[in-house]
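Working notes, beginning with the structure itself.
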């Protein structure tokens, strides 16, 4: 039993490290794909790693008005996001964290990271930090109800809120309640775009003051703190992509207590899916323009509507009404 | 039984303290808060003992309502709420010890504080309608006097007036509720009521009345408008009691009536609490996120939490009516745990607000800022409270939210179409409320404690006395522990859950770890706060180590970057109002018909441009201002009857006589 | 017996007629005359009851009615009217016609009420009751459709005539005499009060409307 | 062998005669207090002794409580006025001669009310009640200010009309009783009428009850017959306001209830319940609204008395053991509380030298203890615990809702409207910055405190004996 526990622990640790390591690559792929499609050379695939290393080596300048919260936030944000990423079944569904928390807790963990980031943005006391924080929180108020509806749909379909459980269910019967799944897939993609500050909600590449959201909050960060924040956002991207994968394309995922072999297969499958997902994101991002901040309710509203439709259809297909 | 004696003694001590405090003056009054603290400890200990051992105690005294007598009963439910209340009282008393008796207006507060505490405890152990309403009204009365403590301020007088009138309306509703329960025969003792629960028609009326009565005390929309006036008007430690604790007494009243006295529920009973609760949750936070007064924001957030609790109670009713006892247990556990958690973090936040008020003399967020440097300890405690109030893990606020979401997720399994179609809407509204709560408290903390001071007072602030820090620190600790060990608290609720909804949560240990909080069964939903917290801690520690190993540890302090044009004036910071702007744009127009107007002077004119926002509180307009005007208008019209001539009065008399005679003539 | 009842019935009817006469009058002097007539009729009725029912004590009541209300008070009021220089016209709220119609309606109401009375009570008692009730109501009506104090006092007194009539009509009712005395005192107080107000020079007229200036809560 | 009831009646009258003879208001005040004390003692004696039913006297479970309250409040009011009236002489509002008559009339009034209470003959009861009324008329006019005269005159006229109607009603009762009890005194004797109620002529009984309702209702102060009440309270001396609200209204209501018993005893008669409910509600709601426009503190509480009388009449209109019990309890509590309030008002008027709300503010700063007492009294009358009024209102509203849920909304509405006004005025008087003069108060606060304590005790615990009396009376009321 204890041996088993050790194996579990190691597997979990391996997953965490792997997620951490692959995250910048995913970002690199997104950037690369965008550049290519824009007929540009684009940065090397590993650019994200170089950036992080560079930032780590640089000294970090901290505003006089900053408090301890400003300095400790990056570490906490990074840790929270990392643990959250570890909660999502990536290549195997039976890892120990999958027993520790369900999707509601996952969303809440990300919420905690977001709140810390917003607070850090206000700590220095500049106008831009405030802009970023207020808009970030506003976007969150739009995204979370949609997320809740998606969770509800999945729970109706799979009868559990544990991601691993949901994944197992969909591996078992891949074609349950298709329509509502399709709808909630769209909804979840929109939510993911909003949460990761991607186009059209936010442009990770821009530093044009009035359109910034995420970048505005981290404006005062530099050096290792900035590196941690960047790494955290990379992790978040991977997290959402693998969330989409595990919910809507779980095939190939290793079931609970599968051996090392099973894990290897699952790992390969997951990495491929992840990279494809990143590429698709790149394609999407060049094919659409950034929206005005106050158009966002309409955009994220789509996610809400689809989420709601998904539930109603789920009622029908599950015959709750009968 | 000894339990009741002990609490009786403690209550007597409180009453005696109140009486003495009215009679004596001067330094002796300094003893009031210590005495209250001791009494609270005794009462809390008794409650804890009863809750853990299930040693239910009853007593009957030949006083109170004639021929019925005074019935007292301390069962698990009362004991649980007793713990909530006395925890709050203890914290508030400890905080009160730190007052500078020269400055604060203690003579108007100290006699009533113990009375308030005693009345709230009395409500819980009352076991007949008369004793219940007696102590309920006493509670309102004491808190009214505390609200109006700063009596020279017309605002607090107005607040007190609105408050007590609303309290009277609520009491009328409860009178009706108990009238319906007791029936024409007047069986006012709860045992009698339990023995003969009312028929369905009466039960519906009673439920409505109870919802009005307890809802008005708890701040359920649309009966909430008094709360943001009254709670902030009181001295801060009293605000903590009113917001953190007294609202829970209202919840207790509803639980006692709806789950205990009213007999087996019909499924549709669930709808009013669920719908009103969800509305309350969202609306309360929309108010909160747009308001600029620190204490009022907290009061609005109380409204939101009461709404959340009512949603949970409604769900529990629905599940119970459909015999889905496990789900009912989840919902009920969510409600009760949220009662406990909210009492902790809201008391903490109000005490923190009191500390800010004491240090700066200001409550307006736009006048504060940078307090994290001036009052470091308070800042830490307030941060804990704020994060807990935003329902973020691993703090206690999230535990109950998590359970509630599990209950909502189970709602689609309910057979009634109305309920399972409501479930997604409820879930979305609760999620919106949670997100808004996060926004609200980021806003509050960011403007009050972070950034740069926006006023001289904020710049010269200093931390509060140690004893007050202890009060806040204790509550902060509870918020953290409650977040980590929520599962154990849920276990302690088991007897109540079995009493009220016929099932309890799965026992601890059936999950992966002992501390795992489990809804339904481990395979379905698990939240293991300690494990997560543990891993977050490890992760952050490793990060710190690794980063410090890899990185150049050089750190330089410099001016803020601010995109290259930093402005030294703190006026350039984001204020609470500007933080609220996006949310106001998105939600305000719908909820409050928010309108923004910019007056731009013509070119060459040196006047500054003026920006103004207009918010309309429809509820206040429709349900408070309009009736008030109607009463006054009608009274003015009727007042002409005071100035008639004697002959006209004779005409009235004659008319009355002739009308009655005519009636007698036609009736056979 | 039967004839006794006829006579008392006749007298009561006469009193009712005088009540209508009170409402009909245009001038205060005439009102006072009508009232005197009513009081004298009452005295006769009471006396007759005293004789026919063999209740000598009622003669006192009759005497009071005759002297006080039949003679003294009318004269006193007349002197008051002259002394105070009140204009001689009755100040009406509603016209004579309306007043009479209302009076008729009230009489009808009185009849309707008494008809419902169970037959257990002897018929003559019911008749007397009906008439007395009508007189009382008419007196009350007089108080509210006529404006100045003298006419109102008259209204009150005719009301009280109705009461005495009913009391004597109620066979064997004790205390009638005492009560009639008490009422006389009351009326005396009334008239006295009017004089007092005049003498104190507090109100330049005894028209009760004038008292409005003193009403509370105005200031 | 002298009986307690004789004392209750004779002592006051004797005292009245003596007091007229005594010059010097101090002696008079002391004599007044002594006489009232003796009467109170007699009242207590009456309570411990067993009932009395004679040709002219009746002492049963129903009126014993009223006699006790009457004598008690009479005593406390005498105490209060003894310490109060001196101030009136210093300020020159009253001359010693008037005070002398005041004391005599006070005793005469108490005696007359006691006569009305112990009378077993409806005629005698009528005489007693009207005598008390006329005496109060004179006392209301005591200050001889234009307002006082006007109030007295209005009171006088309306009361006299009421007297006449009530007498007509009395005659009708006699006629109704005749078929059962024959001619003569028996048909006017309570105990016999009560016994023979079932055989009484229902038609005449209806008529009688209507006239009595209007006649005695005028004294109870039911709207629209209330017009005399506010001015009489406002313009008379404060002790008289206390007695008016505390006692006279009760005695009139007592008479009314006696007749309701008769009507209730005759099943064929029309049900007085609905009529009383309607009149009670009209008075309650009307008075509640009138409270808002009052600027004079005494007139304000006079309207509050109308409000509570309305509630009481409503309760008796509802009928049934619980509602009747509550009604009786509310009568008792109201008279104690309201007279207590008028004592406090007297203190306030002395402290601020005015009765106008606008000039009474910040009492809690200038006169803390008085402010606390006043606040407690007002909150008590507003129906808040821990006072007895809360008990009675609790019973009235709960039982009404249990029987007629929708009807219960009306009294609740009236009470809430009234509550708003009471609270507004309470906060206005005791809170805020004090303005105007702040004199020392030399009137004794013992009566006020005593009443408060009694009402408080009643809210916590009612003696079983009292409860038993109330229950018996409630049964009689049907």
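All chains are identified by letter, namely A, B, C and D, in their written order; residue positions are counted from 1 within each chain.
Operating definition for what follows: a contact is a pair of C-beta atoms (placed from the backbone, for glycine too) under 8 Å apart; a residue touches a chain by one contact, two chains touch by 3 or more.
Quick caveat: nothing in here was measured; it's all calculated off a predicted structure.
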Would you mind checking which chain's C-alpha centre is most distant from the centre of subunit D? A
Going by C-alpha centres, which chain is most central here? B
Pair sharing more residue contacts (C-beta pairs) when B-D is set against B-C: B-D
Roughly how far is subunit B from subunit D, centre to centre by C-alpha average, rounded to an integer in Å? 44
Centre to centre, by mean C-alpha position, how many angstrom separate subunit A and subunit C? 99
Could you give the separation in Å between the centres of subunit A and subunit D, each centre being the mean of its C-alpha atoms? 78
Centre distance in Å when subunit B and subunit C are each reduced to the mean of their C-alpha atoms: 69
What are the residues of subunit D that contact at least two other chains? 153-154, 157, 161, 165, 206-207, 230, 293
So which bits of subunit B are touching at least two other chains? 642, 646, 650, 657, 661, 664
For each chain, which other chains does it touch, given as pairs? A-B, B-C, B-D, C-D
Which subunit A residues qualify as touching subunit B in the complex? 16, 56-65, 67-69, 75-76, 78-80, 82-83, 86, 96-97, 99-102, 104-105, 108-109, 111-112, 114-115, 118-119, 121-131, 133-135, 137-138, 140-149, 151-152, 155-156, 159-162, 165, 207, 209, 219-220, 222-224, 227-228, 293-294, 297, 304, 307-308, 311-312, 314-315, 320-321
In their shared complex, subunit C is touched by residues of subunit B numbered 642-643, 645-647, 650-651, 654, 657-658, 661-662, 664-665, 668
Can you name the residues of subunit C that touch subunit B in the complex? 93, 106, 109, 112-113, 116, 137, 140-141, 143-144, 147, 152, 208-209, 211-212, 215-218
Interface residues, subunit B side, partner subunit D - complex: 22, 62-67, 129-130, 133-135, 137-138, 141, 148, 151-152, 154, 157, 160-161, 164-165, 168-169, 172, 175-176, 178-180, 182-184, 186, 188, 202, 205, 631-632, 634-636, 638-639, 641-642, 644, 646, 649-650, 652-653, 655-657, 660-661, 663-664, 667
Subunit C residues touching subunit D - in the complex, by the definition given at the top: 113-114, 116-118, 120-121, 125, 129, 132-133, 136, 140, 143, 152, 156, 159-160, 162-163, 166-167, 170-175, 178-179, 182-183, 186, 189-190, 193, 197, 200, 202, 208, 211, 214-217
